[in-house]
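Chains here go by letter, A, B and C, matching the order in which they are written, and residues are numbered from 1 within each.
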Amino acid sequence: MLATVLARLMQMAFVMFGISVLVFLIFFATPGSDPAARIAGRNAAPETVEQIRHEFGFDRALPVQYGLMMKRLFITRDLTSFVNRGQKVIPQVLDAVPATLSLVAGAAVLWVLGSLFVGVVAAAMRDTVVDRGLMILSLIGISMPVFWLGEVMNLMSQSRFHDTWLFSWVPGLGYVPLSESLGGWFKALVIPWITLAVLYIGIYGRILRANLIEAYSEDYIRTARAKGLSPTRIMLRHALRTSLLPFVTMFGLDFGALVGGAALLTEVVFGLNGVGRLTFHALQNLDLPVILATVIYASFFVVAANALVDVLYAVIDPRVRK
Amino acid sequence: MTLLAVENLRVSFASEGGPVTAVHDVSFSVNAGEVLGIVGESGSGKTLSLLSVLGLVDKRVTTVTGRAVFRGRSLLDLPDREMRKIRGRDIALISQDPMTALTPVHTVGAQIVEQIRAHEPVSRAAARARAVELLRDVRIPAPEKALDRYPHELSGGMRQRAVIAMALSCNPALVVADEPTTALDTTVQAQVLDLLPLRQSHGSSVVLITHDMGVVAEMADRVAVMYAGRVVETGPVADVFNDPWHPYTGGLLASIPPLTGARQGRLYSIPGMPPAPGTKLPGCAYVARCPAAMAICHTPPPEQMDGAHRSLCFLDAGQRVAARQKVGAPA
Amino acid sequence: MLVLLLVALLTLLAPLYAGYLGVDPFRSNLRGKVEIAGEVVQVMQQSTEGLGLGVTPIGPTWNPGGYMLGADNQGRDVAARLLYGGRNSLFIASAATVICLVLATLIGLAAGFLGGVVDMALSRILDVLWAFPVYLLAISLSIVLLTSTIDLGLFTITAGSLALPVFIIGIIYVPYVARPVRARVLTLRHSEFVLAAVGLGLPTHRILRRDILPNLMPTIIVFVPILLALAIVTESALSYLSIGVQPPDASWGTIIQDGQTLLYSRPAVALAPGIAIVITVLALNVLGDAVRDALDPRGQVR
């Protein structure tokens, strides 16, 4: 048991290390470009560039550069943005976490419930009009770019139908901290939640349906039917329980990726100042230190989510437990 | 007393090339307290017939016609809700492969308790106590512990015992055992078969589906031989084994090595393959492989009858003996 | 399938539409003038659509003379940009798909066939890449590529060229394809006929070409529509974040971005390219389902 946990931690550390090296190489070791000039931002004075070159150790060997960078990210935590004149990067990222977390967590609740509904209903009513309808809707959901759907949502809720009873409650774009007002937080996030969840309801609903249909051809479903159980019980306790395994794996990965910044399109469209939007703004200013920090932050969440999935897996599937 | 009477059962599937009939006019009956063996090779429709009677086939692609009367109720006409009450309580199923017959994510105990509580208003604790007794009946060591095991933690033989215990849990009047030993080692097979007499203490009849004539000889009171979706011969085990009327039955018997007598040079094996499902044959489906085939065999064979012994074949008594000698079967 | 052909055809016919307008640009221009009530009309030359009309704001019209979807904030014909943008979107998606499949096949072959240390190293790298959200990977790559010209030895990618999103999208989905390809190569490597070929002492390149590659094709083909769909959506997202197609070139993503500022006044600018994306990607996904059902009945590919 202890060995497994240790091996798992080692693996986590390896993946995080791998990602940080990868990002570092992309940023600072791409051939034919000067990383110092890039960090300094557009139109920086030559002295600044020179200062940066020295400070980040770009005049030294690559491993030293990597070490210095990690030290500034994790130990001294004083990585500063040059584009925004010396603003510390790490607190900026930490400030943005609650908005991202709120967005992703709410959307996750919606998409888990939504896709369970879609998958179970479609599988139970397989080959009927309901099944086909749900599958076409899911496919449309998958095919819509999330930022575009967000714009359409904004168009309806902020402009075209804002004055009708349907959307009159929708506040202007932006994030309202949970500590400020529960209702405000909720209202500000409902539309973004739905927008972000649509894609995942489509993906998960389709996969769940396929898994359920596969499960229904298994012998143990026949046994369950031969036992005289009700269709609902067979679906929920036997078919769904066994079909949840891939579902959980995917959920962990996607949740981690979204908290890690993959939700940036949604954040940008709805003006939620989360980590993704921070990355986006840094991107527009070419503010390299901020991007570096958010990307490393993302890797942490991805890896943590992976580990969490393993634990959940053991809870759901007795075969994994040892 | 007849417990289950199946008459003119016909099962067909919707397929891309139109409907394919897999079971043709199958009739058989099971009396209270007896064991009926249904024999045939894979694809002969023996499992499908029973699953259709139990309503366990996929209704969207399968059409089932005919009659199946169980204790005076016509099973094929019952609404799903009523059928569910019969399944598991009055008629239980033991599946072929114990490896896949149990849901992997629930303990053995939970699955037995689930069945008991689906049919009887008993408490969880009472159902659990009964599950322990059942596991003890099927001779699983340390039944209290085994109850909390997951299927993958038990060996194949133990799992099949658990499946049998589950099937017997509501004292069913009829147990359908679908090749209960095929997937097991030979030594375990014998042990599991030894459990079937348990039915006496539970008062159950058994339909034993198998492709093994030896198992039939040992376990069954009556036998029905199926070939290509038809019952080609049926009767009391002693009659059928001593005087097989249909050449196919003769062939099956001839493929068993005899325990006594001179050693044969070479064991008989039936030549050729059964016809593919969906092939339309006007006469006997066995004609292509039959050692005694005649021109008339390409027209529908008549049903010959002598008491409980029946067969679908043109051969008369003399011709049968000649046909049997060809394959070296007991004359 | 039909829808796909139609979309492809429409984008190929883009010059025709623009040419039609080019023949007769002044009529629509005049109409525009009336709407803006005397504002100075500036005619701009845009590289792709070849004509740009500095006329603000014009809504959608049914006039065959032009501006069927109205104009954007620079007075450019949205319908024309939509068609030209579609060309870019489809080109980028196709090129990226090809790059991704080639890279993934090479990596999968190397890892699966050579095994040992090569497999270990490649699989680890793929795992790390896989664990990384694709958009962040794309952002990391693009910020570097956007700020400087990259010399890859064989070819050079200049900032702002269409090759940039092609390159990025082609790379980020490599793990997605390479892992299943590797798994398939591994099964093939241990299949009877390959073992027999190895036993006969046939040269490796021959085995790879004659035995492995043909049997790998179904796995690869299954990915074509899926990757195309992913690439179109990803391209639009990158362009929306202004790290994909760079102005003055257009793509469906950049048009949506252009339309964002006009969202409440002229929604057609942002809606039209989005609908184009949805229709194309939807068609690709339907095609993908069909291909998968035909080639991968056991559903190894998600």
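Annotations for the structure displayed:
Note that a residue touches a chain if its C-beta (ideal position, glycine included) is under 8 Å from a C-beta of that chain, and two chains touch if they have at least 3 such contacts.
Since the structure is predicted, the reported quantities are computational estimates derived from the model, not experimental observations.
Taking the mean of all protein C-alpha atoms as the reference point, the chain centroid lying nearest to it belongs to A. The interface with the greater count of contacting C-beta pairs, when A-B is set against A-C, is A-C. Look at where the CA atoms of chain B average out and do the same for chain C: the two points lie 58 Å apart. Averaging C-alpha coordinates per chain places the centre of chain A 53 Å away from that of chain B. Here the spacing of chain A and chain C, counted between their Cα centres, is 22 Å.
Those residues of chain C lying in contact with chain A across their complex are 124-125, 127-129, 131-136, 139-141, 143-144, 146-152, 229, 233, 236-237, 240-243, 253, 256, 259-260, 263-264, 267, 270-271, 273-274, 277-278, 281-282, 285-286, 299, 302. Residues 51, 54, 56, 60, 80, 84-89, 92-93, 95-97, 100-107, 114-115, 118-119, 150, 152, 163, 166 of chain B are the ones touching chain A in the complex. Those residues of chain A that touch chain B in the complex are listed here as 126-127, 218-220, 222-231, 233, 237-238, 241-242, 316-319.
Put simply, chain A touches chain C in their complex at residues 14-15, 18-19, 22-23, 26-27, 30-34, 38, 139-140, 142-149, 151-152, 154-155, 158-160, 207, 210, 214, 257-258, 260-262, 264-265, 268, 279-280, 283-284, 286, 288, 291, 294-295, 298-299, 302-303, 306.
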